[in-house]
Amino acid sequence: MLVVMKPSATEAQVDAVVEKIRSLGLLPHAIPGAQRTAIGITGNKGALDPSLFDAMPGVREAIRVSQPFKLVSREVKAEDTIVDVAGIPLGGPAIVVMAGPCSVESREQVLEAAREVKAAGATLLRGGAYKPRTSPYEFQGLAEEGLKILALAREATGLRVVTEAMDVETLAMVADYADLVQIGARNMQNFSLLKQLGKIGKPVLLKRGPSSTIREWLMAAEYVVAHGNPRVALCERGIRTFENATRNTLDLNAVPVLKSLTHLPVVVDPSHGIGIRAHVPAMARAAVAAGADGLIVEVHPCPEKALSDGQQSLTPGEFAGLMAQVRVIAGAVGRPI
Amino acid sequence: MLVVMKPSATEAQVDAVVEKIRSLGLLPHAIPGAQRTAIGITGNKGALDPSLFDAMPGVREAIRVSQPFKLVSREVKAEDTIVDVAGIPLGGPAIVVMAGPCSVESREQVLEAAREVKAAGATLLRGGAYKPRTSPYEFQGLAEEGLKILALAREATGLRVVTEAMDVETLAMVADYADLVQIGARNMQNFSLLKQLGKIGKPVLLKRGPSSTIREWLMAAEYVVAHGNPRVALCERGIRTFENATRNTLDLNAVPVLKSLTHLPVVVDPSHGIGIRAHVPAMARAAVAAGADGLIVEVHPCPEKALSDGQQSLTPGEFAGLMAQVRVIAGAVGRPI
Amino acid sequence: MLVVMKPSATEAQVDAVVEKIRSLGLLPHAIPGAQRTAIGITGNKGALDPSLFDAMPGVREAIRVSQPFKLVSREVKAEDTIVDVAGIPLGGPAIVVMAGPCSVESREQVLEAAREVKAAGATLLRGGAYKPRTSPYEFQGLAEEGLKILALAREATGLRVVTEAMDVETLAMVADYADLVQIGARNMQNFSLLKQLGKIGKPVLLKRGPSSTIREWLMAAEYVVAHGNPRVALCERGIRTFENATRNTLDLNAVPVLKSLTHLPVVVDPSHGIGIRAHVPAMARAAVAAGADGLIVEVHPCPEKALSDGQQSLTPGEFAGLMAQVRVIAGAVGRPI
Amino acid sequence: MLVVMKPSATEAQVDAVVEKIRSLGLLPHAIPGAQRTAIGITGNKGALDPSLFDAMPGVREAIRVSQPFKLVSREVKAEDTIVDVAGIPLGGPAIVVMAGPCSVESREQVLEAAREVKAAGATLLRGGAYKPRTSPYEFQGLAEEGLKILALAREATGLRVVTEAMDVETLAMVADYADLVQIGARNMQNFSLLKQLGKIGKPVLLKRGPSSTIREWLMAAEYVVAHGNPRVALCERGIRTFENATRNTLDLNAVPVLKSLTHLPVVVDPSHGIGIRAHVPAMARAAVAAGADGLIVEVHPCPEKALSDGQQSLTPGEFAGLMAQVRVIAGAVGRPI
């Protein structure tokens, strides 16, 4: 249920609705909006009766929300959410490009990558300090030392930092260093972590699980928002299918579907999505043409020496070429970079 | 094995190579090319020794082909194949747009659709006279009456006609009426039909099977080419995955992968691919941005009355809007429509 | 709609119902049954009104059929269908085992395989004379010569013959030689072929398409039955999933699901299903435990020399071992072999 | 690399090998075995030279392990591992049946379920106190109160308890109450949790992720073993495919594949696997016929009132029927229950 207030509603009228919701044993969620104030209600078992709220002063209408996801739904908030990433608006007109190495390997590697991707037009630096790896014997990341290197690169270049948190134990530390906290595909339904993300003061980039439906993904985002953090962006990174000519199957269908179902920003990761260096630019162009609000791209000063994901990382020169192509497509869909 | 002749090779030298291949019990296939004459060899069980041909007069080199598909491979023919569809070049610089109803239902419906899609910029008219339907109780198409209606619409508008052949029995008749013979997804590995397609004088649009890998798809194209018809274009139309928010998962990853593996043109069907009317334009834009050579789009004068696929058919007005958007993207990647 | 007659209904009363159905422009289908006579109705666009038939003499009740498949549905016929394969009852209490090589390669190979599988307890001989192959350059089968070899083996051993028909052109010839006509997975939705199968006088073994849902499969069977041939058995042979440790994912879930949805017999092909010789017996045991009515198993006198599918073919000795295990499981579920 | 000692090797000789491994900067892992002592080596980047160890006193041979999983591989340990679950041997000749409700809902519900499943022959009680739920608005479990109820049921019946741990924070508490700690499908690649499981003193039941390959699953088990806990059993519970007639696709192919690749016990969950109450017994029979070492089945005193998974829970009476059937199959494959 969503209670939409009149534009003329007073603060006291809003408070009265909030109190009424609480008195019913339910949870009120204020929904920010330029045009209208609204209060989402969760915690009810069955459908609520709109007449509980319709007649209250200042209320324009009470609407039933048909989707199982509520707070992230377009039904509840029609306007696009713009997530503020340390001053960079994600989800607004401009397309945000995040780039950098898969793993933080060394100070030199990160600084070089940062300078190069900044020069080419990226505004966020990506890089993993904690690495989820299929094998326990593979490189697991530099941990806090890696986070410090990212912070250093931020100071040196002004790029904001997006980096992955893998668990509740290290989340607070990652959130301290990061401007945008990435949640990896395999943690998309780590519900304990999702709940904790509701309590941090940083925005979240929630990657899609490799076999998660769009609705499950939106439910995962709903966990974060329902637990208190409305600053969530979604990142399509490829799903698992029978096709093995590509690493994953980047599902660009998800972009227009998400834009119609949710007000949250949508980012695309063509690097993991297709997993083949030569084809990353084509998928980046397609993502922007399909309506993505941002891109996250793996760039390594020397891909053949990368400790992870070298086969899909671009050289700085290739990334500059990608940016030139993406700028033209962004222009064609009326969006700056 | 591919025997590449020198630019200066004489016809007699080419003939000698062809004879040598036949004398080994193998099949020669002339590969047309602007820059060079080449002869593909198939029929060998194991690898052939290049020295069998290297020393023959006029031969530049004999190359082993590493892929299981040979004649459709970029290894064998580096230049893009341009398929001539009754004067429309498919696979060249210009993006070819095919549009029209899912099924041919009536003369009025098809003529109206044809005029509208022509006005919006399509150059081929699509429409099914033979319809593969999951249920035996659903509308199965108008058969030859439908083909006649398509021919009429061609005369009236100058649009070329692409329509589906479902079996060997009706293939000759379909090929008589069609300018481009479409093979549906569920027939992609109907090998008897593929062999027969090698013998018709019309080009073929081979749709990807919903659970076919890119390599299986190229092997299916290889069947047609190896049996004598080099005029084949591929059509991505969505694969079957676990995701059910969309009808299929349009796999745009296939576009750059195909463009690197094969010289054949690549068409995309966003209508079946995503299966939701509102999202067809986004996927059409993305397909062109990814490098597709053509689009095939369902357009119906009155989608809610369509006998099939109404939920994914555009109105003529929506199609005109799609064309405007696609033109801008095509321009951005340097291609006319 | 299904019109169920009273046990006491006269022939004239049944005829009157059939006439009434025809007079409505619909198609009557007599449903054989030990307990009751019934007439299925197809061809209606919307739901029919039961009162059209309820009051007719001899009618017990008219029932709406909720599934999109009608004639193959348990709703329409509650009792198991027993398909008579040249005297072998498939779908009755006894589990029917079909075995033999993937491809017919030579007279010696087939005769040896036939004698061995008969000795171990099989009652049908399998072997392909027409082979659907992913590559046009692979062995395509011995065609009619292969069918003759199978007939010879039948004469020599008394085994019935199951072999694949690939297209309408060769269907009549295959049906001449075969006791059970197999339709391969990639032809499951070859609707032209399915319609033709409705007109042959032999029973059909319809394999599941590798990405076909159970409902699509039942609709394919419905094509055959609706076009006149009620003697259809279904064969689960593995679906395509992301898992690549096995050739396919044999979907044994389909067995109980099918047994609840349809009255047709269900056969399982563990050889293609898992695709690894060592694991075929385990899947054969599991299939019988899950409720399968039959098995079809690849056996080759010398698997390492097989022209196709050697990696999943059992030696005759391994097959005898499988039969011993399957007999015990069959006994445990109360079924003879 | 695996260093296999001679049966006659002394403790000092074993220690010398361990020291040699450590001196190379690598990790030794003692592999328990009735027939032989062996030491697994992990931590090496490339292949090790067997001659480093071959000549050492007491060493029979040093073997390269070809699989990416090492400690859980059959190459490293040929004998079946028997996991001791508070005195119940899992992975030995006897098939272990675990049963109980999806969620712990109340004392009465759990006690009733426990008595019933014990009477029918189960030896472990299942029930979730922490519930991973797709929606933040669904019942999340009773937490420690639920664990206490399970402990009570253990006291009352003697059944051992298997229950799920969802995160590192609550793992120690769950491990305190549980005899077998279950890790749910969505946490299969929660690497932080896997590492922590290496340090608990209880055995682990690791469910397969719904889109995880068998190899990824074995790598996840390798995480637990490599971090110090060799008491791991694997639980197949269905994978995600395109088929939607069943909740998941229970992949029984995994059973023989796992039994050949690993020495760990394999349990099957037919309830989540097929997700349809009526078909759970068929899949349970098939699982045992395929070679499973155990079953985990959802049983609820009153499935229609269950707070989760009611559609796939058996009544106590249905469970008793399942046990009768499974006993017969177990007997047929020579295993007691």
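Note that the chains are named A, B, C and D in the order they appear, and that numbering of residues resets to 1 at the start of each chain.
We adopt the following convention: a residue touches a chain if its C-beta (ideal position, glycine included) is under 8 Å from a C-beta of that chain, and two chains touch if they have at least 3 such contacts.
Note that the coordinates shown come from a computational prediction; the quantities given were computed from them, not determined experimentally.
Colleague: Among the other chains, which touch subunit B and subunit C together?
Modeller: A, D
Colleague: Identify the chain pair with more contacting C-beta pairs: A-D or A-C.
Modeller: Counting C-beta pairs in contact for A-D and A-C gives the edge to A-D.
Colleague: State, to the nearest whole Å, the distance from the C-alpha centre of subunit A to the C-alpha centre of subunit C.
Modeller: Going by mean C-alpha positions, subunit A sits 49 Å from subunit C.
Colleague: So what's the Cα centroid distance for subunit A and subunit D, whole Å?
Modeller: 34
Colleague: Mind pulling the residue numbers of subunit A that touch at least two other chains?
Modeller: 211, 240-242, 244
Colleague: Which stretch or stretches of subunit A touch subunit D in the complex?
Modeller: 42-43, 68-70, 132-137, 166-170, 186-187, 189-195, 209-211, 216, 219, 222-223, 226-227, 240
Colleague: Okay, in this complex, where on subunit A does subunit B touch?
Modeller: Going through subunit A, the ones touching subunit B are 211, 213-215, 239, 241-246, 249-257, 260, 273-274, 276, 278-279, 282-283, 285-291, 325, 328-329, 331-333.
Colleague: Flag every residue of subunit C that touches subunit A in the complex, lowest number first.
Modeller: My answer: residues 211, 240-242, 244.
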